[in-house]
Amino acid sequence: MMTDARTSGSLLAMSGLRSGYGGKPVLQGVELTVEQGTIAAVIGRNGVGKSTLMKTLIGLLPAMDGAVTFEGRDISGLKPHQRAHLGIGYVPQGREVFPRMTVEENLKVGEMIHGAKKPADYDRVYDFFPILRERRKQRAGTMSGGQQQQLAIGRVLVGSPSLILLDEPSEGIQPSIVQEIARIVVELNRSMGITIVFVEQNLEMIRAMARHCYVMDKGRIVTEVAPEQLNDRETVRRYLAV
Amino acid sequence: MLAKANKLLNGPQTIGRGPAFWTGFVIVVLAAAAYPSFTDGWTVGNTVYFFNWIFMALGLSLIWGYGGALSFGQTAFFGLAGYAYGILTLNYGSDYGFTILAVVIAVAISAVFAAVLGYFLFFGRISGVFLGIVTLSVTLVFERFMAQTAGPEWRIGDARLNGFNGMTGMPPLTIPWFGGDIVLFPDVQLYYVILALLVVVYLGLRILVNSRFGNVLVAIRENPERAEMLGYDVRKYQLIAFIIGSSLAGLSGVLYTSWGQYITPSSMGLTAAALPVVWVAVGGRSDLTATLVGTFAVLSVFQTLTIYGSQYALVVMGALLVVVVLFAPQGLIPGIAGLSRRLRGAR
Amino acid sequence: MEILSALFAFLYQAGDAFAFLVLAACGLAIIFGMMGVINLAHGEFIMCGAYVTVFAVRAGLPLPLGIACGTLAAGLVGILLELLVVRHLYNRPLDTIVATWGISLIATQGVLILLGSTMRGVGTPLSSFTFGDYSYSQYRLVLMAAAVVVLVLLYLIFNKTRFGVHARATIQVPHMAEALGVNTRLIYCLTFGLGSALAGLTGGLYAPTMTMVPSMGATFIMEAFVTVVVGGADVFLGTAPAAAVLGVIKAAMTSWQGQLAGQISMLIAVIIVIRVLPNGISGWLLRERG
Amino acid sequence: QSPVKIGVLEDQSGEFAAATLPKVHGIELATEEINKAGGIAGRKIELVVYDTQSDNTRYQEMMRRVLQRDKVDVVFAGFSSASREAYRPIVNQFNGLAFYNNQYEGGVCDANMIVTGAVPEQQFSTLIPWMMEKYGKKVYTIAADYNFGQISAEWVRQIVKENGGEMVGEEFIPLGVSQFSQTIQNIQRVKPDILMTLLVGTAQASYYEQAAAANLKVPMGSSVNVGQGYEHKRFTPPSLANMHVTTNYIEEVDTPESKAFISKWRAKYPNEPYINQEAENSYHAIYLYKQMVERAGSTDREKIRGVIAKGDVCVDAPEGKVCIDPKSQHASHTIYLAQVGADHSITFPKVWNDIKPYWLGDAGCDLTKSDPSAQYTPSNPPPKG
Amino acid sequence: MTALLQTIDLNKRFGGLRVTNNVNFELDEGEVHCLIGPNGAGKSTLFRLFLGEHSPSSGRILYAGEDITHLKPFQRIRKGISVKFQVPGIFAALSVRQNLTIALQHHLEGASLDEEIARLLEFLRLTASADMQAASLSHGQKQWLEIGMAISLKPRLLLLDEPTAGMSPDETYETGEMVRALNADGVTVLAVEHDMAFVRQIAQRVTVLHFGQIFAQGTVAEITANDAVAEIYFGHVDHDD
């Protein structure tokens, strides 16, 4: 567990966050606070800016306006690798594994989270995703879609991040492993206090994992719903219907 | 019919559309037509010389800019057609406008060779840098081979290949005319012929790239797998583009040869092979207009530098290239277009 | 003895061609093969290494130290260029053709203006040895050994070190490497610097055997590109076998039919190899490995 | 009075710059001297200089420019034979007059051209018999694989045969080749008495260093080294040791005329790496032209050719007396045999005076009668008749 | 014979790995068939074999009774097969409109082409983004665009590899309705999916692939009730919503 002072405070906070592509903002002023040690889901329709938010948090997109604070420190000006060194892990939408490197080498890159200050824990990752152990020497580009997704998740776990940003982790994964991932995430959160922010469409997974669920629309967080409420078709319609 | 032509001329694959652009186009063509009356003989002949190269650049724009296949071998076709013209005219003379026929045959020869080479390349699924290196190798094989044909045994009919020193003595273009052929030395008459040819080729290519064919070509550039999965025979389209582009290189070669009555293996060497790539990349490869204007601009700027820059010319040229690439990522012409749009927008 | 002498002669020639191809290509294998930067100024890095080596030796340093200076100088120039120019072009590899062509023009002509059209060389060290009917230069054996050492070192650097893994990750999916904590700017810079330094090393090694002129790099560039491309995407599984294949073909054809045949046969071998293996030799070696 | 305009197209950058820069200087030096002394028939000389960048297409562009726009009276142009062939059609088209001041493979029979460089019959008919007498009869040639090398090799072959020698090998090297291990081995195999090296360009010059490193010590002969590329100055001794070159001039020539010339040169260009034969050719070519114009009373090409046809256009050049042969419009020369020592010092074991460019005239080229505007070789001579 | 697509002893090996293992699969004309199975079971590989992107190590593929094993991919497409890949394959630098044009120009031109594009854009909810570069669409939008291109070909057989990945439940539902509508028009559909709600919505038959072999086949109900399938694929909790 982390120190007490931190457990109670907010780990990650966004205020008035705006960012986008080619001068056109997609995020229109995101306000969100994520508590240390929580699991927060972001949901919303296609194209509202969920992935844009994740990219802005890790720094792949520069913020046009507003601020991101992490552990009480403004990180808006930091480069992605500097943010990673503070312990933020990012699993992008669409996997983005290093295709011409082996599975093992892909995992190796993940060691740099925390600036490689923490010992890398391969065994844990291999235990979570046995296929990765089996295919250690296969080139990542030739793995199946779901296998790549597992690799992308495993890759950040190697570096023991203190915050993980997950963009649609269940995409392309078979149901039993979706459940497994949900279980793993909750377990990591519980045993190591890792904070998780994830974007997801799979309501079941949200229900299984999330403690908070934020709805995004047109580049803003418009409301919070309780994860249990997602059982309710009407709620879902309201926030996610097209 | 007219609507269709209009659509093809103004399609999504080319920049510049609408009345403003075409008014500009007409003005430029008219200005070009009037130009010889305002300038001296050297400038006219020299402008023709620049025009000669543009066909090759346009061809590369088609193959590379639109089709996504970087050919480093434009000069192979340039040289092939140039030599073919020389051999034909040295053997059969230039009477009765034979030179025009020789142009046609020479370009056809380069088209046939492009078809054979292109078949070998595209049907062998060679792509990317591999394509670049194979085409470069082909042109270098030509160069090395032609360079050693100095001996008297290397002759075809009356035409001696003459090794590295190059082939000379071929006649300039002639047009059969009542009361004697018109000989097109690099002068006003040749200027108009080439200008007309350039306008025709430019418009023709514009129509081509905005047609269904052009759509498929850019699709292949973007994602050949997807294009194939939409039912297009990727290899065939690439081959056709390659043949057309290479024939245009052949046309440049013939025009160059007849212009200076000279063709040499070094026209197919490493430096020569890199030049079209540089012109096209600097101008803006994925647009015909940009390529045309860019090539002309690069040629004139480089020549001007050579004239006035003394030994610093090459240094300045190099610096210009670096600067253009850094500050106009889309190429010079789209870069300028974008800048002016932004300036207008800012106002 | 006749046969032994002829056999040694052939091996020596093939080894000589191999060394030339490997050393010409190794810097490019990184800059082009790995980073995708089509570096037409590769020859000028070689020239830089050669010139600095010659200056250093003339200033009194022993040749190996001179070569080290040449390597270092080319590496530093590479890093500088990376910072100023190449850095901005990673996502536009084709534009690197133009930029590096420009750099090459500046370098060649700049050196011509500054240092004159030619310079006195340093002379080949070591002496000759005789085997059978022929006498050979010992220094050429050093070149062959250097080629092998460079290959082994590169293999180790890129496959066994953290830097190597990070470099490959950066080159394949840069933004992801960055997001995982790799300082990609630094990696790019160092990788480019390494490639340039290797070119400089080649220049330094060959400086004692060649005439020193600003355009000397041009004699390497064609061979370098051909070797890298025939090798294919994987630098180390590619460059070495490609150099071996091309080296043997070139040596055999040269001794049988002369230099022109050697050159042309090498180019034709390139065309054929690529036709048969459209992804280069390493693409073929890796095809089934998954 | 309007000046006499002389166009100068030489490669001041690129591959050939090393050998060509002194040519420009030679022209400038002569021009300065003549202008100081009152010019050509009272008219000052004005130079129009362009850098052709060792690029044939630049010759085409710039030759048209000097003739058509700058309207020069005469052009001094070209280093490589290819560049000469590139501009020759243009000179013919505009009926201009061009000086080619370069040692070359010979054979250009063209009324628009005046050649002041040495040609094979001048260099080989002197060098080869001398060397065969001294070293032996077995000759091996390595030559650049293009016109210059091939035609020169043809000359070597012919002269070796005429003098009762034997060719034991011939090898042609493509331009740009810089690695010679195989060639060195081939030479060792046949053990020639004499090695003729007709290599061209900076890449091929690497041969000497590599041959020396492999301990190949056959006496060498050449028509291009030393005189053109001053390799004995650029290479580390003893890589060029035992090289023999026939040249019409190099800065080591130890005559009072030569010494005076060198001191004038050094005063103007103290940093010149070397004053080679092409530099001297270019220098005295200006004086030849001056004499022609003054005697013709005009810069008109036909009038000038009328003067040449008299057969007595001669100047006293730093090398000695130089005259223009009316049939071929080539120059006669003093030929120095330069021998390179182990420390790369030069000695001159023999000097031939007034060697004529006889071959073209003997073979049937007579520009006083007709102008074929062609280039011939021994195996492709002018048509008889 | 009603089989539109049939494989006979189909095998595919990558090095030592047998990814497709003696598959004898039949797809009936007119049905909507779902292919499910664990990650790495070989579903996408099977698709690539159908399309000719991979050539089989052994075995044959028949389409409408004709042996297409050795046809080139584009030739198969021309016979009426169309596909949406797992990883969206679009023409990134071209506008959304051009992407669709390229797919539609096979059988349409002029005004009717423009009309059809407008209709499709509306349908795909991409009207507002019509002139944007396809590269700048969000992940879900790219999926839509690719589906649009696939159906533009008016295929007889439509292959969909994870068409709803990254879509919200509602969008998934709509995609399902679209598939059913196409099927009603006579298009045969073969879809790979991990989203069981979607499978339930559209599938008339389901095939489970495991280690490159057909593991089970049947209706959705049969498959979900199959314990062995639950073991390898669904996991323990079954659910309903």
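Letters A, B, C, D and E name the chains as they come in the text, with residue numbers starting at 1 for each one.
Methods note: a residue touches a chain if its C-beta (ideal position, glycine included) is under 8 Å from a C-beta of that chain, and two chains touch if they have at least 3 such contacts.
Just so you know, these numbers come straight off a predicted model, no measurement behind them.
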Contact-graph distance - origin chain B, target chain C: 1
Pair joined by the larger number of C-beta contacts - B-D, B-E: B-D
CA centroid of chain A to CA centroid of chain B, Å: 51
Mean-CA-position distance for chain E and chain B (Å): 44
Whole-Å gap between the CA centroids of chain C and chain E: 47
Approximate Å spacing (C-alpha centroids) for the pair chain A, chain E: 29
Multi-partner residues of chain E (each touching 2 or more other chains): 14
Shared-contact residues (touching 2 or more other chains) in chain D: 13-14, 145, 172, 174
Overlap residues in chain B, where contacts from two or more other chains coincide: 144, 148, 311, 314
Residues of chain A touching chain C in the complex: 58-60, 79-81, 84-85, 89-90, 92, 96-101, 105-106, 108-116, 138-139, 142, 155-156, 159
Chain C residues touching chain D - in the complex, by the definition given at the top: 9, 12-13, 16-17, 20, 109, 112, 116-124, 126-128, 130, 133-137, 139-140, 208-213, 215-216, 218-219, 251, 254-255, 258-260, 262-263
Contact footprint of chain A on chain C as seen in their complex: 162, 165-166, 168-169, 172-173, 175-184, 233-234, 286, 289-290
Residues of chain D touching chain C in the complex: 13-15, 17-18, 21, 145, 171-174, 176-179, 181-183, 185-186, 188-189, 202-203, 205-206, 209-210, 212-216, 231, 233-237, 239, 271, 273
Residue ranges of chain A in contact with chain E within the complex: 21, 43-47, 51, 93-94, 131, 142-147, 149-150, 168, 171-180, 201-204, 231, 236-237, 240-242
